[in-house]
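What follows is a set of structures to go through.
In the two complexes that follow, chain A is the common piece, with chain B as its partner first and chain C second.
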Partner chain A sequence: MKPNTSALLTLIAASMFGALACNDRAEVFDQEPVASSPVLALKNEIVIVDSSANRGVILAPHAGQDLERISLPIGHGVVGTATAADGKRAFILSAGDVPRTKEKNEKPALTIIENNAARRIEIESPHTGIAIDPLGRYVAVFASGQARAQSTFLENPNEIVLVDLEAPGAPKVTYRTLRSFGGSPARVTFSPVLALPTAPRRLLVVETEQDVTLLDLDHAGDSVQIPEITVRLTSGSSTTPLVPAEVIFDDGDAASTVDARIAVRLKNDSNVVTLTLGPSEAGSPNDFRPTVNLTDVGGVATDIAFVRTDAGLRLAALVPQTKSAVLVEPNAGSTVKVELPAPYAALSSITSAVPSAEGDVVLLYSGSNASVAFWSLGHVVGQPYRSLEVVSLPGSAVSGVLDVPAPHATLKVLQAGSSFFVLDLVARTASPLVAYGVPSIHIAPDGNRLWAFGARTSDLAVVSFDTLAPKSLPLDHAITSVFDLEREGGRSLVALDAEGNYTATVIDANAPDTLLSHTYSSLLLEGLP
Partner chain B sequence: MTRMSLGRNALITFFVGMLGAGCGSSDSDFASAPSFNGDNSESPAAPGADTPPGEEQEIESFYEAPVATSRFVWIANPTSGRVAYVDASTLQVKTVDAGNAPTYLAGLPGQTDDAAIVLNVLSEDATLLRIVNGAFTSQTFKTAAKTNSWAISKDGKFAIAWGDARKADSAPKTEGFQDLTILDLVKGTSTSLAVGYRPVAISFSATDAKAYAVTQDGIAVIDLTAAAPKVDKNIAISATPTEDPGTRDVSITPDGTLALVRRDGVATISVVSLDTGTRTEVTLSGAVTDLDLTPLGDRAVAVVRSTSEVAILPVPAIAQDPLTFGKVTITGETIGSVSLSSDGSSGLLYTNASAVERLTLLSLSSPGTFRTVRVYAPVLSVHTTPDGAHATVLHATSESESAFSLLPLAAALPARIVATTAPPYAVALANDRVVVAERSDSKKIYGVDIAKLPELTSTHYDLASPPLSAGIVPSVRRAYVAQRHPEGRITFVHLDTGVASTLTGFELGARVVDGSKP
Partner chain C sequence: MSTKILALAVPFALLSFSSTRALADYEEIAPSNPYPAPSAAPERLRFSAGVRVSAQSDERYNEIVDSNVLAQFSLGASYTLITKNSWQLAAGLAWDLGGRSGTIRGQTSEVFSNRFTVPIDLRWKPSRRFLAFARVAPGATLTNVSIREPSISDDISDLRAAFATDVSVGVSAALVSSTSTRKLWTWLTPELGYGFAFASNLRLARDRDASAQLGSDQATNLGTLGMSGVFGRLSVNFTY
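Let's look at the complex of A and B:
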């Protein structure tokens, strides 16, 4: 063979091998990361849900501003995410592969990330709503009423998929289709343990557009299903349904098993509905039954809470329409109206921070008012006019109240436009901190500091709750979110830019100094096959 | 024997909800007493001591408010066309369909099961509601137009729907309300017939063989034993056709043989034989201000205020011998009214025509024996417990000062006055409990007091809405106070534990689905 022919053949062969090598590149590289992928914050790490790569990217800070990155597989077709209240687990709901033509195509699933490991629980129905039990035992998957998972042509909106994470052996998945009178679930809430007539129990409360359903959690997975209890909120003589807006719980007197209550605030009516859980009638498959009571509070209530007053348990309802709060005595249904100095629309209990032997203390605020009020319920029945103390915040309407954990639990952070205030619940002082721009606030879980940043800017600052002295820590990239995370030997702040392939800067949270920070770029390009 | 009154324009009427025993329960703790008309939200002003005495005020009962049977409390909702019934032991609410505008309810006594009947005003019929072994049944009967009241026989076999003109606002004179309907609840038949002009009361004989309609034209005697009920005869009770019927007060003996008629300002009592129509006049020492018949019908007690004299007329002997009867003068006391105990052994004498803070307990078995008791506010009305051991005295007070008293009768003990936050509005009694609902619409103060007997202690509960009626369901030891609320409201108080529970929204409460039914 002539030398020229051999070289040509070699060249052709090399070209062929080169082309083949290019065609073996993983599909993920052809897909752009999903814009604004959910970022789930756990106690000591964050999870970026990279749905285009079907993975969760864990970022875990370590000493020396190191950032460990771990990729874990998650279900295909992410439709919902959530985190556990204790910060130990992340939940990712996926719709699976559509269509399923091969064995390896996935079904809908719930992926749980915990301790840097992922476990996948298959479920039959690709719903989009997910609710996490505050006590960590259950996960409820349901049709959230928002965009339906694109994998489904037809969906049963009244199906609740209940996952018991603490079932013996493996998590137990139970499918329940709730009876419907035309509505479908809009919100799912797990109750605390309630002392019911025959035994303490937890309930799953499902609110639709027109009724409230109570499902006995302790028996939800029984082989012989106990029917749920539906409280219809329409009298049947009106075409206007009463729409539930919120449910709250109270276990009543510790010595009684017949006074546990659920209160339902309505979106479109001036009544508040109280369900008292008492004994059921003979022949009922349930061993408790709600007794329904309506109480008119004079206007549509915007917030409700069970409170302890100097006269006993009351249901407090805020009615900004009448610039008042109404206290409902749950047994007789009698009401006491307390005039408020401003149309407060939200309340936050602060009794745990400022205990009072006489009754609960509640903070009142509203996004349309430049003040907050302390409402001492230990003086409300005899002298309601003396139960309120107003703290003015000139020119700043409070849009949100953030809790501060211990050791500074007697503080609250009030968000008010470009300012925010550190409210001292004991001294009843409000210390303003002014930002140039609208700051986003993140309270450190250890209760020692807060972080403020300008969304989509590189501006970052930290404020110690001991000194209230801000320290500016500008970064060299935009910030979309920050996370104050636990690590061995201390805490770290991870400032994340969620645009593109994600960038993160790690700063020592206890001794913040940008000189010692480390920045990690293109995080989503790492760990790909 | 229920007392009947002819055309008296009472300023106030008091209402007491039926207790369970009288409406289906076999419990002997039963008392029925008149009701407080909800239209009068103002308490009557106490008569001044120096003003001339007015008229004694009568008490009547109205079947409009909720009624209690052995275990259930029934509440009609004219708007929805449904009747709610609340299990007084579990507080579970259910609603059932009745006719168009169910309004006037009555419980049926003498039943082994819970039963009530409701008049449907707009559909001009009545619905019989019965719960048998936990299962609900209903039956509809056609009724005459414009009926708004019930009279029920003791055994619950007959129910008579009739029209009381006093309940109709501005009824023209040409509206006679003469049609009534007799329902035979056993046979399932209804018969409408006409009686005299504007009846004021209906009652039954002891054997339920006859019913009597007291009208302005006399007493219509209705034969209930015939194949279809019919008016046998009309007994005139006055020889004077122009006599003002509004001044008459008629009592009929349980055996249906005699009617005793009192007239305002007249010193005679007419005793009329309902068999022959014969009238006998009994003359007393002055104008008779009150007349009551004992439940057995063996004595009639008449009060002459001007002479403070009480006449005890033996029945039926008085019809034959109008001159022979007992007399007792309560010297030093002003008395004009009498309230007899349920066993007929004693009577409480008082006046509400003037501000008198005393009343007198007269023994009828030992005439001449009496005891005067002081209560520290003017007497308005007196209500006796079924066993006759205690009485509750409602006082004529003002909006700012109101009270009731608890008076032991069996023992010579002083009365206990209980100040209330609002004027008493409704009363219910059992042998060991008294329930007094209070109401002030001007001050928006509503409440209920529950007193214990014989301890004479009282516990107050605030109510969220104006009370309409009060009652007791003895079988489950619960008192109830029905209140005015657009969605329906009723408060139950357990008589032993004192725990109060309020139900509001009967229609919603009945729509709780727990899977017990498909």
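Let's look at the complex of A and C:
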């Protein structure tokens, strides 16, 4: 019996060890979700970029505070995200697996999430910058100056990867290397359709640390590439390169094809640059040519905008250094200086909300000043002092101005420390709302309400723009962000806590009541592979 | 991994040593043993206490606690119903209870399983100090899964019951007799088998009354979990 018993015990032990040897679980279960993961808001859903699990988690609210959860694969090594202006697509840029040693390892890719499905477009270069065409046709991927992909040993900083999402058949990927005069792309902007001399065109404007490059989007993918136009930014009086800070566009007179303009604000110079896009010279590969005009506005401008005044089109530049705004006549470069009651640093056009036959109306504000000013540009010639109307906001500097969509487009929300104001652009009154702590504000895309919450607290409130009466809706978990989303038959609020494996509470946005809310915990534990 | 192997290797090593020693002692000392051998009369009652270690085959278990090993305490009692020659048929009750803690995506997690079974043993007892058995043990599992969720400062959990059956074989070797009456005997029993349990849907939620909820807590769907797998059990039995 003794040998048999030993053999049996040995067999038992061997069997157990064999069974216990296979206990490696998928790596994702060892990866803690990243608390600062991007959350992309679309019209009717949000996408949590669960980069440690290489997936996007879609949360889509439905009637009855139900929350549909869908997990979609995304590329490995997320380096950038963006959403389309119309809220229908989310874009996730990934660097791929590094080093790529096996066929199954991923290449850099752009993942597009749309209609609860993901499609992946492989690209050759792992860049970190992403810019989305506001009209939804193009995506530009480039080497963002601030954060290069650490995964790559060698990168071409002047390469722009242009994805045409509306190309016949499948999205078309075009690789363009811009001629470099020493700079590399820092920001990429898509122009609206501009009436250029030969045809309406759209341009890609690339800002580097010292120049601005114009790329004709309609010909960017041609087999014989038309070279881009680079405008080097120098003042002429100094060798110091001028650093662009912002570009804006104006199509000019609707009847003219030679007055489309691009204005460039400079970060380190008192000039503003105007590029007028006129006809090109014979033999030029491009069918337009920019005429450069530098205008000194007396100080470094902090914001610019093309405006319609009683004297015609002007480029308005705010110069808080001299407590003034300067109106630049774009053809001649002549200027009109308007003294301001405060050093306003930012402007926001409100003409679409309060139309004026005489000229545009803009709102002036500043993060260091407890007032806003209405600047009516129909009165600037001859009587500039009459063009300004100040609304004081006692004790609060305005840190941000939020637009309110229709049907309450005549309102704006001014963020000012622990207070915020609902500014009536017609009555020119500012109704204060005071919070305990600094509230974060979210304007409902349907324009009917705003949501205020204390970051990392459970305090939540809704304010209807009809009554301005706040309703408190405290939750039983902290809030890091809120999203007012469209659903069938109404709208829902999703209040998200990005700690741990994420928790979300869903509330009927049209009839908010926490007693009818649903709370979903550990969202990032669901749907794992 | 090495810790887990060690945790299993030690009891099996002890088992091998003590079993073989027990048999060896018997063979060596039997001729001069002043005490009589265990009664040839069939045992009636058998009580057991031991440790059951199983390798869970459901990957979900591994995903939740980062291991496929489940260690449980085992308690049981059986009664011999039929005896014929060297063969016995016995039935009883058994309870295995134990759990494992781990982490899932950075948060602490735990699976605790109770297994209630009705073991039916077919025993072959060729000698007074040794028996081998085959066992079928139908029953049920009652398994609690809990995971810490920092965003709500609370655990989410779910308690699920499922039909279960163990199938195993084992041997039992007499160690010592404890009384001069020779009626109470101690046995060491190693056992190897497979435990099967139907998989249940895991829907974890905060464990709080509806009156304490703000609105309503919705469950987190973690898929299915079945507490199945190869197991070994080492127990000390007392027969009377």
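Quick note on the criterion: the second predicted complex is superposed on the first by the 501 of 529 C-alpha atoms of A that agree within 3 Å, B and C clash if a C-alpha of one lies under 4 Å from a C-alpha of the other, contacts with A are read in each partner's own complex, and residues count from 1 in each chain.
Just so we're on the same page, a contact is a pair of C-beta atoms (placed from the backbone, for glycine too) under 8 Å apart; a residue touches a chain by one contact, two chains touch by 3 or more.
In this text the structure is predicted, and so the values were computed from the model without any measurement.
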Partner chain(s) touched by A:289 [first = chain B, second = chain C, both, neither]: first
Chain B versus chain C as contact partner of A:478, first or second or both or neither: second
Residue contacts with chain A in the superposition, chain B compared against chain C: C
Which of chain B and chain C A:226 touches, first, second, both or neither: first
Partner chain(s) touched by A:280 [first = chain B, second = chain C, both, neither]: first
Touching partner for A:331 - first (chain B), second (chain C), both, neither: first
Chain B versus chain C as contact partner of A:505, first or second or both or neither: second
Touching partner for A:410 - first (chain B), second (chain C), both, neither: neither
Contacting residues of chain B [partner chain A, same complex]: 79-80, 87, 90-93, 461-465, 487, 489, 491, 499-505, 507-509, 511-516
Contact set on chain C toward chain A in their complex: 1, 4-5, 8-9, 12, 15-16, 19-20, 23-24, 27, 53, 55, 57, 59, 62-63, 66-69, 103-107, 127, 130, 147-153, 156, 171, 173, 190, 192, 204-206, 213-218, 220-222, 229-230, 232
Contacting residues of chain A [partner chain C, same complex]: 1-2, 5-6, 8-13, 15-17, 19-23, 25-26, 28-33, 65, 67, 475-478, 497-503, 505, 514-526, 528
Chain B-facing residues of chain A, complex: 179, 226-237, 271, 273, 276, 278-281, 283-286, 289-295, 329, 331-335
